[in-house]
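Each of the next two complexes has subunit A plus one other chain: subunit B in the first, subunit C in the second.
What follows is the complex of A and B.
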C-alpha cells in the first residue's frame, strides 16, 4: 500500500515539476517575444494566457498527487469505545499498525487484560497440576 | 439532572486517543495538500477570487477523496462483520464526532500554507 501511494505521489510530483517548468519557460518566452517585437515592429502583441495543455497538466498532476497522499494516510480508528475495544479484541496489534507496519506508539493493549489476570479467577488447581507434571518431567530428564 | 449529551457520552463513551489520531491524520493531509494547491494556483497564474475558488474546490475534492478512499471502505468491511456502524450519524460518526467539522475544517487548516505557496510560485513563474 505504501509503495503504491509513494509511486503515485512521485509520478504526480514529476508532472507538476514539468508543468511548472513549462509555465516558467512560456512566460519567459512571452516577455522575450514582446521585447523583440516592440523593438522591430513597434506593434504591441497581446499577452497570451497560459496554454491549455500546461493548465491541464497542472490540474491532472495535482489530482494524481492528491490520490497518492490520500492513499498514504494512516488508517483511521473507531472513536466509539465499544467498537475500538472490539477491534482490539478481534485484531490485536494488527489493527493498529501504521503504513510502515509498525505498531503505533499510543497503542496501549487490550483494555480487558486486567480482567484476565485477576487473582480471584486464577485456576489454581490446574496450575498445580501443570506444575506437578513439569516437576515429574524434570525428574525423568535427570535420570 | 445531566443533559442528553452527557447521558449519551456515559452510555457510549469515546476514545480520546482515537479522536486525536483521526483528526491529526486529516489535519496533516489537509495542510500538506493546501500548499500543493498553492503551487498549482501559482502555476496557473490565478488572481484574487479565482485563486480562492480554486482552493475551495480542491479542498472539497480532498475531503471527498479522503471520505471515499478511507472512510467508506472501512465501514463496508465492518458492516459485514456485524457491528452496528450504521446507527445514527451514519458512517462518518464511526471516525469523527461532528460531520460539519469534518467537511469544513480543511478550509481553515490550510489557508495560510496555500497563500504562502500561491504567492511564491506566482512570483517564481511570472518573474
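What follows is the complex of A and C.
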C-alpha cells in the first residue's frame, strides 16, 4: 500500500516537474521570438498563452499527486464514541497503528481503566504474594 | 509482545507483568541516568519526555510485583534526582518500603511515617491513598473505610477513590453502599463503559446474594440490565456487557417465580406490596422489562458473544484486543447455555 502510494506520488511529481519545465521553455522561446521579430519588423506581437497540452499536464499531475497522498494516509479514526470504544476493546493496540506498524503515541487503551485498576491504591504486598504463587505453579507445571 | 509501559500495569496478568519487568534493565540502560532540569542543561542533553517518568512509575509497580527490588530502587532514585522529594515520589518510596517489609512491626513503622507526613499536610493525596491502601492490606478495613470517607470529604471529585471505596464495601459484602459509591463514579465519568459494566455486575451480585427480598431482587436485576445495556451502547462489541446481559437473563430465567409472571402481574404485585403511593411509581420504573425484550436481548448477547469467541479463538485480524481469560469465560458461559437450550 505504501509503495503504491509513494510511486504514484513520485510519478505525479515527475509530471508536474515536466509541465513546469515545458512552460518555462515555452515562455523563453516566446520571448526570444518576440524579441527577434520586434527587431526585424518593429511591430508588437500579441502575447501568446500557454499551449493547452501543458495546462492539461499540470492539472493531471496535481490530481495524480493528490491520489498518491490520499492513498498513503493512515486509516481514519472513528469519530463516534461507541465505535471508538469498540475499536479499543476489539482490536486493542492493533487498531491504532500507523503505516509503519507502530502504535500511535497517544494511544492509551481504555482511558477509564485507572478507575478500576486504581494504581494509587495498589496493595503491593498482595500482588507480590500472588505473583510468587503464580511463579511456583508455573514451576510445578513444568516439572 | 510486551504491553506498553505507558499504561498502568496494575491489572495485567502475571505473564505480562513478568515481561514488563524483564524490560527494566534495557530501559534503565537506554535512558540517561540523570536528566538536567535547568534551562542551560537542556540545551546540551537530549530533551526529556514526560513519558519517561510515567514509564519509571509503571516500572516500579511491575518490578515490585515480580520481586525485582533493585530495578524499582533504581527507578525511584532517578525520580528523586529529577523531582526531589515531592508527594508523589514520596508515595512511591513508601510503596517500595511496603513491598520490602517483612513483618507487621515494619508495616506499623511505615504507617507511622505516613501519619507524620499527613500531620504536616493533611490533604496530601498520594500519601493519604498509600496510607489507606496499607491499612486495607493490614486488614484494618474499618479504619481504611473511615480514612477514605475523610479523603472524599475534602476531594469529592476523585473517581479513583470512590471506586476504591466501592470495592472496599463490596469486599465486606455491603452491596448497597458499594453500589452507591459506584454511582458516584458514574457521575464523575458518565461515559466510562467499564464503570457501567462494573455497576451492573455489582447490582447482579447484590441481587443474587442471599437475603435479597423479591422486590429488591427485581429492582436490582432490572437496574443491572439497564447498566449492561448502557455499557454496550457506549462501546460496540463490549464482551463484558454482553456477558453480563446473558448472565442476568439466565439468573432471571432460573428464578422461575418471577420469570413466569407477566409484566402486569409484576406491577400488580408491586402495588400490593407497597402501601405508600409515592414509592410505587419509583418501583415501577425498576420493574423488569417484559419477557420478549429480555429474550431478544439474550439472543443478541448470545450471537455477539459467539461471534467474539469465534473470531478471537481464530486470532482474526482486528479481534485481538480481548483478554484470554475474558474469552475463555465467555466460551464457558455459552457452552453452559447450549444444552439447556436443547432441553427446552
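Observations on the model:
Just so we're on the same page, the second predicted complex is superposed on the first by the 109 of 143 C-alpha atoms of A that agree within 3 Å, B and C clash if a C-alpha of one lies under 4 Å from a C-alpha of the other, contacts with A are read in each partner's own complex, and residues count from 1 in each chain.
FYI, a contact is a pair of C-beta atoms (placed from the backbone, for glycine too) under 8 Å apart; a residue touches a chain by one contact, two chains touch by 3 or more.
From a predicted model like this one, the values you see are computed outputs, not experimental measurements.
Look at A:50: by the touch rule set out above, it reaches subunit B but stays clear of subunit C.
In the superposition on chain A, A:35 makes contact with neither subunit B nor subunit C. Of the two partner chains placed around the shared chain by superposition, subunit C is the only one that A:132 touches, whereas subunit B remains out of contact.
Residue contacts after overlaying the shared chain place A:79 against subunit B, while subunit C stays out of touching range.
Once the two complexes are laid over each other on the shared chain, residue contacts for A:119 go to subunit C alone; subunit B is not touched.
Of the two partner chains placed by the overlay, only subunit B lies in contact with A:71; subunit C stays clear of it. Looking at the shared chain after the overlay, A:20 reaches subunit B, while subunit C stays out of its contact range.
Contacts of A:4 after superposition on the shared chain: neither subunit B nor subunit C is touched. Once the two complexes are laid over each other on the shared chain, residue contacts for A:92 go to subunit C alone; subunit B is not touched. Once the two complexes are overlaid on chain A, the subunit A residues touched by subunit B in the first and by subunit C in the second are 81-83, 86, 90, 108. Against subunit A, in their complex, subunit B makes its touches with residues 12-15, 17-19, 21-22, 25, 28-29, 32-33, 36-37, 39-40, 43-45, 58, 61-62, 65-66, 69-71, 74, 78, 81, 83, 85, 94-97, 121, 124-127.
Residues 4, 6-8, 10-11, 14, 17-18, 51, 61, 64-67, 91, 95, 98-99, 101, 126, 129-130, 132-133, 136-137, 159-161, 163-164, 167, 185, 189, 191-195, 198, 233-239, 308, 317-322 of subunit C are the ones that touch subunit A when the two sit in their complex. Taken together, the subunit A residues at the contact with subunit B in this complex read 16, 19-20, 23-24, 27, 49-50, 54-55, 58-59, 61-63, 65-67, 69-71, 73-84, 86, 90, 104, 106, 108.
Those residues of subunit A whose C-beta lies close enough to touch subunit C in the complex are 81-83, 85-95, 103, 105, 107-110, 112-128, 130-132, 134-135.
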